[in-house]
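Two complexes follow with chain A in common, the first pairing it with chain B and the second with chain C.
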Partner chain A sequence: MTSKKLQIFFLDNMIWFINLVLVVLFVAIEPGLLTPKNLISMIYSVSMLGLLVLAQAIVLISGNFDLSVGAIAGIAMTVVAVVHEFGMPGTPWWVLLIMMLLVGTGIGLYNGFFVAVLKINPFLQTLGTYTFFYGLMLIIGKRTLFKLPKALIIPGGARFGGSIVPVAVVILIVVSVIVHILLAKTSLGRKIYAVGSNREAARACGISVEKTLIWVFVLSGILSSIGGLLYAGYMNCVTMDLARPDLFLTFAGAIIGGVALDGGRGKVSGIFGGILLLGIMQIGLTILKTPPTWRETMNGIVLIAAILLNTYQTRLKGYVLAKSAT
Partner chain B sequence: MKQRKLVTLCVIAAFLFAGTMSAFASSEGEKTAKKAAPSGVHDIAIMPFHIPCMWFSPFTAGGYWYLQEKGHKVRTQNAGWDTKQMNTILKTWAEDPNLEAVIIAPLGGEEVLPGIRALKQAGKVVALSNNEAGYCPEADFCVRFDSPQGCYDGAVEVVKMLEKKYGEAKGVVILGLGDVRNSEHLERAAGARKAFEEHPGIKIHEFVSDMDAGKAVTETGTLLRTLPKVDAVFSVGMLEFMGMINALKREEMAFPKGNPKHIICVGMDSCPDVINPAVKEGIVDFVIDQPVLSYNALAAYYVLKILDEGKGALPKPGTVIQPGDVDIKSKVPQKDLDITVPADMWAPAKVFDTNKQFGHIWIKTNYSIIDDTNVDNPALWSNITGQVRDYGF
Partner chain C sequence: MDKNPQTVLEAKGVVKRYPGTIALKGVDFELKRGEVRGLLGKNGAGKSTLIKILAGLTKKTEGEIAYFGLKADVHNVQDSETLGFRFISQEPSLMEDLSIAENIALREKELHKGLRRVDWKSIYEEAEKKLGIIGLDIDPKIEVRYLKVAEKQMLLVIREIFSEGAKIIALDEVTTALSLEETDKVYDILRKNKKGGQSFIYVSHEIDEIFQICDCATVFRDGEVVLNEKIENLTPDDLKKAIVGREMQVIHRDVSKEEPSGKKEKQVVLALDDVCNAKLKDIRFDLYRGEILGVYGLRGSGRTELLKTIYGLLPVEKGTVVFEGEDISHHSPSQLIQKGIGFVPEDRVEGLFFGRPTAENLLMTTSTSTKKVHGNAGLFLNAHSERKLFVEVSKKFEIKAHSPGAEIDYLSGGNKQKVMFGRSLASESRVYLIDEGTKGIDIGTKQEIYRIMGELSTQGCSMIFTSSDLEEIITVSDRIMVMYEGNIVCILERKDFSKERLLHYADSCSKTSGNTSKRGSDL
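And now, the complex of A and B:
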C-alpha cells in the first residue's frame, strides 16, 4: 500500500482509529478495563441506541431529520405491551413482533407522506410525531409496563447460551450489515444518496424523490421499532419515556460516524464506529471512576473532538487527493 | 501544513484528556490511600438518579461522607435521570471485581431491576435507599421513609385545615404531580389523592410538572387564574413545590398564615431556596421532609455490617433503631464548616418484614414536619446543604 493509499485509508476509517486510541488510553489508565465482558459491554450498552442511530443516519443521508425515532421505538413497544397485558393476553409473540414492526412502518409511512408529498419540513413533522406519540404512550400505557412475553425480552436482554455475547449485539451487527447492503448495493440506497446530495439533480436523473423519501422514513420507522424491542429487553420493561433521553445521541452517533448533516454522505462502517464510540465513553467513564459531575463534560469533549476530526476528514481527503493529482 | 496542525491539535487534545482521566484515577487512589487502613477497607458505590440536583446531591453525600470518613473506598456516578443509563452503570460495576457493595436509589422502580440482578449475580451486596424497585429479593434491605403515607398524612392535615375553615371538608385543591412516568411519584400522588377523595366536598385539580419547576409555575399560575377559588395547593415533590410557591407569588396570591386570603400551601421536601424562605414567611403551612442526609449513612452502616459480619447482622423485623444504636455520624468535609451529619430526625426507624411484598426487609425512617417554628433549625438537611459549596464528588 502506498503512502497516499494509507493516508486515504486512515482518513476513511478515522473513527475506528479514534476508538482504538480511546480504548488504549482508557486501558493504560485502568488496566482492569481490559476484560472481554467490559469490551462487549461497550457495544451492548449502546446496541439499542445503535438501531436508532442507523435509522437517523439513513434519514440524514437523504438530507432530512427524524426527531421521532425514540417515540416510534416507545410507541411500538407500548402497543405490544398493552396488547399483551390488557388487550389480547395470550397473543403469540410473533404476532406481537409483527404488530411492533407494523407500528414502526405505519408511523414511518405517515412521516414520509407528510415530508415527501405534503412538503412539510422534516424537523417540524417529526417534532410533531415525537410529541404526539410520547403523549399517546402515556395515555395507552399509563405507567411502566413490565409484562412482556419472554420471547420479546430475549433480543435485548439475553445472552447466547452460556456465552458472554448478548443477543442485542448480534442483532445490531446483522442489522448494520443489512443496512450497509441496502445503502451500498441496492438501487434504493443509491437513490437515497442521490436525493441527499442534490434533490433536483436526482429528480432530473429520473429518480422519484417522493417515493425515495417515503422509503427513507419507512426504513427509519422499522429500525426504530426494532430499537424499541432492544430497549425493552435491556430494561426488562417498557418505560413511558423509552429512548427519550437518547434523541441527541442518535444524531451524535451518526455525525461522529461521518454522516453529513446536510445529506449525501455517510457509510455504515463509520456509523458503527460512531455507535461504538458512544459505548466506549459510557463504559470507560464509569470504570475510570470519573467524578459524576465531570461525566457530561468529558463526554462532550470527546464528542466535539470526534466531530471536528470527522469534519476535517473530508477536507483532508480532498487535500491528499489533490496533492497526489499534482 | 493543515495536516500538521490537525495532528498537533489531536496530540494536545489526547494528552489533555489522558491527563485529566489519570488525575481522576490517581486522586481517587490518593483519597483512599491517605485515609484508609490497610485492611478492612471496603469498596462501595452509591448510585443516585441524578447527581447535580439539590435533592440527590445531599442524598448521595450522606453515605459518601460517612464511608470516606471511615476510611473506605467510595464512588458514585450520574445516571442523568435515565434508567437505561443507570442499568448500564450498574452492569458495569457488576464486572468490577474490587467493588463489594452498591447502594442504589432506584427511582425508576422496577426499571432498574436488570442492573440490580447483574450486581447480585456478581456477588455484590445490594442496598436500596429512597425507594423500592418493586419485588426485588436481590436487594438485601431498603432504607426509606413511607413517601405515599407521608403524602397521605400531609393531605389529611390539609383536609383538617379546610374543615376548620368551612366547618366541613370542602374546597378546591390544586395537586401538583411530579413525573407521571415514575412509579415513586405515581404512588405519592395516589397517597395525596386518596386523602382528598375520601371527602366528596373537596374538588382536586391536578397538573403534571414533569419535575420541572418552570412548568409547575405555568401550570399552577394558569389554574390560579382560571379557577374561581382555590383553597389549597399541595405538591408531591420538591421541584413542583418550588414552582407552585413561585406561582402563588407571581399571581399575588401568596398571603401568610392568619391572613383571610391565605391559600393553604403544603408539599413534600424542604429546600434552602424558595421553599424554606416561604415557610419562614408563613406562605407555606408546612413541609413533609425526608431525612435525605440519613438514608445513605444508614444504608452504608448496614452494608458494612453485612460485609464484615454477614447478612445475619441486619436488624430483625420489629426492631426499633434509635440514634444511639448506630454509628452513622460524619463531619461535613468542608474546612470552614463544623457540622456533624445526619441529625437525628430520621429516628426512630422501625424494621419491617416486607419480604413478601418487596423480597427484603425495610428499614423505615421517620420524617419531619417543617413549619415556621422549626424552619431555622440548623440541623435540617436543607439548612446544612445551603452552606455546602462542594460535595466532594
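And now, the complex of A and C:
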C-alpha cells in the first residue's frame, strides 16, 4: 500500500527527481559547482523566462497556444521605455508599471476575444500578435533602449540588500505561488482545467468556455508583461528582440513540467520543476565549460528524455494503479 | 478442426483478457458460407470483443482462428480485410470532408497502388451504381457531412458489402438509426448476397430482427457462448432467457405504491409549451414531480436535442420552458444548475474531464456554478466541504475510485458513468435530464443506477430519461414519450407500454399512415 503510494508520488513529481539527478550529476563532475551562489543562479538565470513559462502553461492547460508571450513582454517594456525616454520623461515609475500591466492585459484581452469569441485558431491568432508586436516594437523603439527608471530595474536586476538573493527569484516564487492558488484553489482555475480537458463537457457543466478563455489569455498577457520587466532589469535595457529567442523554451519548460500539449493537465509544482530544469542545464553546462557548439545538442537530449518520461508517466501510473487493484 | 469447405470462419477457444477482467472465456464460433448469423447478448457480454478480434482491431489472448479452413493470425485490420472480412460499425466512420464517391472509392484496392492517376469518371460511375442499389438519389460528389445519419449508415453498409473481395461481413447494430423502409433494404441486400456466397454476422439487440433475417443465432453471456442454434428451433423467449440468464429479475420500480392510480394531485415541475428550434418542432409536455419520463426514439429523433434544449445548450427559438413556475427558456446552463436542473450527457467521452481527478469530475458543476451551496464562497473553493461532498456522493452511488485525487481515466466504465450521474446529485438537482444513462455499462451497475433513480424519484426528483434499450425504458419509466424527427409522436401511460407500440411509434410508418408496423405484426 505504502509502496504504491510512494510509486504514485514518484510518478507525479518525476520532474523533481530528474532535477535532483541532474544536479548530482553536475556536482559529481565538477564539485566546485556546489556553492549557494551557483545554486541560486540556476533559478536566477531563468526567472524571467519562468514567468513566460507560467503564462504559456496556463494557456496550454486551457487547451490553447500563446506564441505571443514574448512579444507581449517586449512591447510592454518598449512602451514603458519609450514613454520614459521620449514621451513624458517625468512620469513616475509606478504609473509606468501600471502602463506595462495594462499593455499586457489589453493584448491578452485582444487574443482572448479573437480566440474565444471569434473562434480564430489560437496558433494563428497569437502568431499574428507575435509578428505584429515585434514589428511595432521596431517602429516605436527603433533600437535597444537603455534608459529605464531605476525602480523598474530593481525587480529584474537587483539583489536583496547585500545578500545573494536576487529580487527576480523571489518574484518568480511569489508569482508561482499565486498561479498555484489560482489554478488549484479557485473556481476559475477549475474552469481552466475543465475547458482544457473537455470543452463540450465543460459546457455541459454550465461553464462559459468563452469567458474562461478570455481570462486565460488576459492572465497570460499580465504574466508576460511582468516577465518583460524581469528581462529588462536582468539585461538593464530593452532590446528589440526581447524574449524572442526564448519562445520555444516557454513551451519546453511547461511541457517538461508535465503540462499536456492538448490541455487539461499540469500543475505549478511541476511547471516550476520544468523551469528549474532549464536553469540547471544552462548553469551546469556553463560551469562545466561545455563548448557552445555542444550546448544546444545537450539541451536537446535532456529535453527529449524529460518529455519521453513525462509522456509515459500517465501510462506508468495507470499500470501502477491497475496492478494494485487486482 | 473441421475441414468442411462450407465453413468460412472458425474460432476455437478464444480468450480475451483485459487487466482485471476477462471479456471472452474460451469461445467457439463457426460461420458457414451463405449464412446470416445473429449475434446477441447484453453490452459487455463479449460479442463486440469477438468481432474486434476477428477484424484485427484487438488481439486475442488465447485460442485459434481459421478463415476458410486455414489458420490465420490477424494482427491488424489490413490482415482481416485481405482475408475478406468487413466490419460495419453502428457509428458510421466516414471521411466527413470527402465526397460520397471518394468515400466509396477509398475502399478499393486500386487506389492504394502507389501513385497513379485517379480515374474520377469511373469513381463517380461506380458510386452512382452503388447508390442505385439502395435507391439513394444523391449526387456522389456531395461531401458526406451533409448526409443524414441514416444515409451515412446506408452508405457504409453498401460500401462494405459491395467492396472488392468482401466475403464475411459483420454488421454491428446497423439498423438502430434506420427507418423500417431502410431496414428492409438492408435485409434485401443480405438475402440476395448470401445466395451469392457472402456470409454475415449480424449483431442486434432486437430479437424480432434476428427472426426476420438470421439463419442461426449465437447468444453471448458474460464472455461465453450460451446458445448456438438454428433459428427454426428457437422462440423469442429462448433467446431472451439466454441473453438475460439468471439475472432476469431486474429491479422493477414499485410504481403502484407511489401513485394510487393518479388520485393524488400531480404537481407539474417542468412544462414545455410549443418549443421549437432547428432540431425540435412544437414540443409540448409536462413533467410531474417524482416522475421518470422515458424518451424513446431512433437516433436522430431529437431526444438528445430535447434534453440539451431544456438545459440551455441549444436555443429555444419559439415557445417556453417553465420550471417551477418560472420561465427558463433563455437561461444558461449555469443558471439552470443553480435552480436545480442537472444534465447527464450521453457519452462519457463528452461528459468527463480526462486527466483530471475523480473528485474534480464529480464536483465540477458544484464548484463552478453553485456558489451558494456547500460553502464555496465566490472565487475560492472550499476544500473541506468538497471532500465531505465527495465522500457523501460517492458513498451513495458506490463509486469505486482509487482515491479522490486519482484521475478519472483509471476508473471503470460503470464508475465513470456514476460520476457523471453523481455530478447532478452533488449540485442538488431536482430535475435530472439523463441521456442514455446506462449506455455501455454492465447489468449490475445498471441495476444500481435504476435503484438510485427510484430513490431520487421517491424523494420528489423528476427525471427525463432517454434510452435505446426498450426493455430498460419500459422497466424504468412512469410514462414514455416517443419522438420522431424532432416531433413528439405520442406519450404512453404505463398501462399502455409494449415494445411493439414503442417500435411502431418510433418509426416513420406511424407518421405517414395508420397501418401497423411490419415488426409489430410479426409478433
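Here, the second predicted complex is superposed on the first by the 325 of 326 C-alpha atoms of A that agree within 3 Å, B and C clash if a C-alpha of one lies under 4 Å from a C-alpha of the other, contacts with A are read in each partner's own complex, and residues count from 1 in each chain.
Everything that follows uses one rule, which is that a contact is a pair of C-beta atoms (placed from the backbone, for glycine too) under 8 Å apart; a residue touches a chain by one contact, two chains touch by 3 or more.
Small disclaimer: the values here were computed from a predicted structure and weren't measured.
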Partner chain(s) touched by A:T35 [first = chain B, second = chain C, both, neither]: first
Contacts of A:I283 with chain B and chain C, given as first, second, both or neither: first
Chain B versus chain C, judged by how many residues of chain A each one touches: B
First, second, both or neither for A:G90, with chain B first and chain C second: neither
Which superposed partner A:P292 touches (first chain B, second chain C, both, neither): first
Touching partner for A:G162 - first (chain B), second (chain C), both, neither: neither
Interfacial residue positions of chain A with respect to chain C in the complex: 185-188, 190-191, 193-194, 197-198, 200-208, 260, 264-265, 314, 317-318, 321-322, 324-326
Complex interface listing, chain B residues touching chain A: 2-3, 6, 10, 13-14, 17-18, 20-22, 24-25, 28, 51-52, 75-78, 80-85, 87-89, 91-93, 95-98, 108-111, 113-114, 134, 180-181, 183, 186, 393
List of chain A residues in touch with chain B within their complex: 21, 25-26, 28-30, 32, 35, 37-38, 41, 45, 48, 138, 143-144, 146, 157, 231, 234-237, 239-241, 245-246, 282-283, 286-296, 298, 301-302, 305, 309, 312, 315-316, 319
Chain A-facing residues of chain C, complex: 19-20, 311, 313, 332-337, 343, 345, 350-356, 360, 364-365, 367-369, 371, 376, 378-381, 383, 402, 406-407, 409-410, 423
